[in-house]
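The structures considered in this document are given below.
The same chain A turns up in both complexes below, where it pairs with chain B and then with chain C.
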Partner chain A sequence: MNIVVCVKHAVDESELKADSAGKPQLQGALSKMSNFDRNAVEEAVKLKESRTGTVTVVSLGSGDWKKSIKEALAMGCDRAIAVNSGSALDALSTSYYLSRAVRRSGPVDLVVFSEGSSDTYQGLVAPMTAEWLKLPFLGYVRKLEVGDGRIRCELALEEGERVAEASLPAAISVVSEINSPRYPTLLQVMQASKKPMEEVSLDSLRDEEAPRGGVSVAEVQVVSVSRKRILFEGTPEESSRMLVDALKKEGLV
Partner chain B sequence: MGLFQPEHQNALRAIYGDAQSTYAGVLESLAVFLEEKVVPRSAALDAGGPGIGEVRRMLFDQGLCRMPFEAPGGMSLPFGIYSLAMELAGSADAATAMSMGVHCAVAEGINRFGGESLKESFFEDLISGRKLAAFALTEPSSGSDARSMSTRAVRTGSGYVINGSKMFITNAGEADVYFVFAKTEKGHAAFLVDRSTPGLSTGEDLAKLGMRGSRTAEVRFEDCAIPAERLVGEDGKGFEYAKVMLNGSRIIMGSICVGIARAAYGKALAYGLQRNLFGQRLADLPLTREKIANMRTEITSGRMLCLYASRLREMGLDYASEAAQAKVFSTEMAARVCDHVIQVFAGYGYTDSDIHRHWRDARLLTIGEGTSEVLRLLIAGREVAGSR
Partner chain C sequence: MSDILSYSEDGGLALELSAGAAALAVASAGGACALVMDASAGAGSRGPVLVLRGDAPLAGDHELVAQAILAAAKTRGSSVVLIGATKLGRQVAGKLAVMAGMGVLSDVRDLKVEDGKLTGMRGVYAGRFNARLSSPLPCIALVPRGAYQATASGPAPEEELKVSVLPSRVRHLEERPKSKESVDLRTAKIIVAAGRGFKKKEDLALAEGLVEALGGVLGASRPLSSDLGWLGEERHVGLTGIYVRPNLYIAVGISGQLQHVAGMKDSRVIVAINRDKQAPIFQVADYGIVGDLYQVLPALMGVLRS
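Our next item is the complex of A and B:
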């Protein structure tokens, strides 16, 4: 079974700093593999380990994005395609180039994504890539079974749980509850740098279907939510009554 | 805040040049593991929780103790990378880092001085963590003056019989093997003694100011008969072995203290940026800024001394004085920095164990593995001898 897993080198939101005006400092911000993508890699590697096959990790990015690729290789992926984007692309272009990189990887049975990236969390790239590849797409997978050329998934959707099936090849996005990502040993981290990694440019992937134009991000701002900070003092009975009165006054109950 | 910061990346760039990217990947991966698996357990360990065995197990499985040793078995990483790894471990949980640092020093002793049979029997078990080791040199009445030890090993037909007592032994009570130094007819010798050897017993765990996650106790030997194969290296050279093992271990204890200081400083800086008083952030007050500048400078200095001593070791040069300098400075620096951190947090620093435990942890290491005083004697002794 040939599996491709797509990962994003995302801004490390836990390290993001804001300037004195509260604006996030994206320039020079630290980055790491999107947290949710560790679940995608884990699921791809688990699937490979339960049958024969290979896992190819594909990542589109720039700067130090190969760090995330090496992490995926350390976790058990066999080879990598590193798409050098030069700068950030919007979801449509990202999905287009990822689809071309997936095709370049050879025959594929399953393309695995996470539900969204831990920095922007748009959740667009996975279904868009599936569409470029003309593959059936099952999103928000929390459990899966593969057999007889088909994939059967439990989907964790907002409206509740659903079960869906698709024939292979297919594309899926997984939610973080599907597994607990493994921690590669330090030796596996060292050995990862010896695994094959092909670096490709956008030019080498582009064809006549390439999207034109796109969305550019003009500015990122922090949305601040102010709280009323009302404190109720008194016995539990008194303060709970005051809380109910205040909620009624706000029209919330 | 993540444990692996740009300052670590820059230290790697400055010292290891082009090779730094592989090393950075290893250390970043370790840092993520420590943040997610060790840091959340650290407060419970400090509170006397019993979980150090499990935390150590996870770090052994990661390969922490394999880092500085040659393949096969080891990862053939430079000692400085191991020292930075122990800094990160010290930031995550100092007691676990110290316990493993002592254990790895014993693994080095077996690898370096043990005969083929001892190496074959124990080295892989030690670096994989299947067996836990303790280093037994200090005695109730001889710490810094280790040469005057009173533990005796008497030669018999088939081996040795050890009598005596060792004090303040890290990992005592849970270690599978003890690396024991004793006086013999030929001077000093080192032995690897099984926990199960008749005559070996350990005392009650000592109540400590800090490093509470690790166990420390007395180890007693009463007519403890061991076979000759358990002699490490040559009879008469034990004290030389101890000095070599302590040189590396001193860098590691210094590195752990750099990690302790870095963890405490990170908390103080974050607090200073969010605490407001007199209409401004605490971090903007001039006296706080002086503390921030001093702490930052001292942490960098400690790290660089540890890496400098490590590089000398990697290059096969004499590094005994530099290792001592790294330990004296880094351990005393960590106590100073952690004291400043308590001051920044003020009443909260004095009452919150998540703040004051860093100072309590650091305080031990100006004593263990050579007190600051005895290490100053070593450093000054070499200076004076060199000036003649």
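Our next item is the complex of A and C:
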């Protein structure tokens, strides 16, 4: 079974600072594999371990994005395609180039994504990539079963769970409760650097279907938190009384 | 003619979107049209309704819904398609975007059509920053709950469009609806949310006591609803759960990770109860009690009762 897992190297949103003008300081900001993508890698590697086959990790990014690829290789992926995007792309273009990279990886049975990235959490790249590849798509998978050329999934939807299936090849996005991602050992981290990684440019992937235009980010501004931050630190009874008084003044109790 | 189309499988959200489409249509001097896949769903829509019919039911399958919307967009001519930002909506938007070659503005509010572009605001980096996104027309916008107010209107003129779609490649085998507790945190005025500070499931009775005393609804941070499974997903407040903005939000035993804060930061008044004075939740709270929830909650309920 040949599996491709797509991961995003994303800015660590918890460490991101705003400059004096309220813009995010992206230069030199810490980046890491988007949290939820670790569950996608884990599921892909787990699937491979229970049968034969390979897992290819594909990541589109720039700068130090290969760090996330190396982490995925250390977690058990066999090889990698690193798509150098130069700068940030919108979801439609990102998914287009990912689909071309998936095709380049050879015959594939399953493409695995997480439900969304930790920085923008749009949940678009997965269904879009599936559509570019003309694959059936199952989103928000919390449990899965593969056999007889089919994948059967439990989907975590707003109104409950749904059991659905599709024939392989297919694409899926997984939610984080599907598994607990492994931590690679030091040895696995060292071995990861010996695994094959092919770097490709957008130019080498582009064909006549490439989308034009797209969504641009006009302005990013820090959200100012204007909270009162009043702390009560007395006995539980004292603090409770002061809190209830405050809430009364707010007209809430 | 170029219309602003709107669709959501979530009835309440669909009405909000039809109001949004009507507002955008005024600004862009076009028409608005609410798409429904089930004739009973259009009631209360703002402006005209287009009922889409296939050979088999369309609703609930993203492949069918996306194809039907594309057929409507081709028939009517559309500049913007508003789609409800639900899990199904994201999949519909993704497929439709590729089929039609349109960009998607996701999770946007404050939409504007100007100079042949659609712009909208969304939170990024777990809600710590806001971004203004822009896309040339025609395009798609995924719109969350609360971006528009559903406005009452008279009976809407209704038309029907027969669409022919390829069958879905996804087979839906079984639906397991949630237990009929029917909690909707999005409309709650007061929410008491429980986090990892609770040591065992039975202890949630304390939080429920406060919920009762205040006339609120019980919410939770992600660990309780997914990893531990103590409460259902319908109570999960956060980036990957439900986005809420009640008048009063009381976070009990919640440390305040960004992913949780992203779902509740727009509440009018935020209260935090946590034993760790350094917990980040106090940074986003109006009032905080530093203390052990096992002592604070009984004391608080005592004060509320007296």
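As a convention for this text, the second predicted complex is superposed on the first by the 218 of 253 C-alpha atoms of A that agree within 3 Å, B and C clash if a C-alpha of one lies under 4 Å from a C-alpha of the other, contacts with A are read in each partner's own complex, and residues count from 1 in each chain.
Simple rule for what comes next: a contact is a pair of C-beta atoms (placed from the backbone, for glycine too) under 8 Å apart; a residue touches a chain by one contact, two chains touch by 3 or more.
Model, not experiment: these values are computed from the prediction.
Once chain A of one complex is fitted onto chain A of the other, the partner contacts of A:91 are limited to chain C, with no touch recorded for chain B.
Residue contacts after overlaying the shared chain place A:14 against chain B and chain C alike. Of the two partners chain B and chain C, more chain A residues are in touch with C. In the superposition on chain A, A:159 makes contact with chain C only, while chain B stays out of contact range. By the touch criterion defined above, A:119 lies against chain C but remains apart from chain B after alignment on the C-alpha atoms of chain A. Of the two partner chains placed by superposition, only chain B is touched by A:184; chain C is not. The interface of chain A with chain B overlaps its interface with chain C at residues 14.
Those residues of chain C that touch chain A in the complex are listed here as 10, 62-63, 86-88, 90-91, 93-95, 97-99, 101-107, 119, 123-136, 139, 142, 168-178, 190, 214, 226-227, 233-234, 239-240, 247-248, 257-259, 265, 269-271, 277, 282-292, 295-296, 298-300, 302-304. Contact residues of chain A toward chain C in the complex are 11, 13-14, 16, 18, 24, 36, 90-92, 95-96, 115-116, 118-128, 130-132, 136-140, 152, 156-167, 175-177, 211, 213-223, 225, 227-233, 235-237, 239-241, 243-244, 246-247, 250, 252-253. The touching residues of chain B, when paired with chain A in their complex, are 1-2, 6, 22, 25-26, 28-30, 32-33, 36-37, 61-64, 66-67, 75, 77.
Residues 12, 14-15, 30, 67, 70-71, 74, 183-187, 189-190, 192-193 of chain A touch chain B in their complex.
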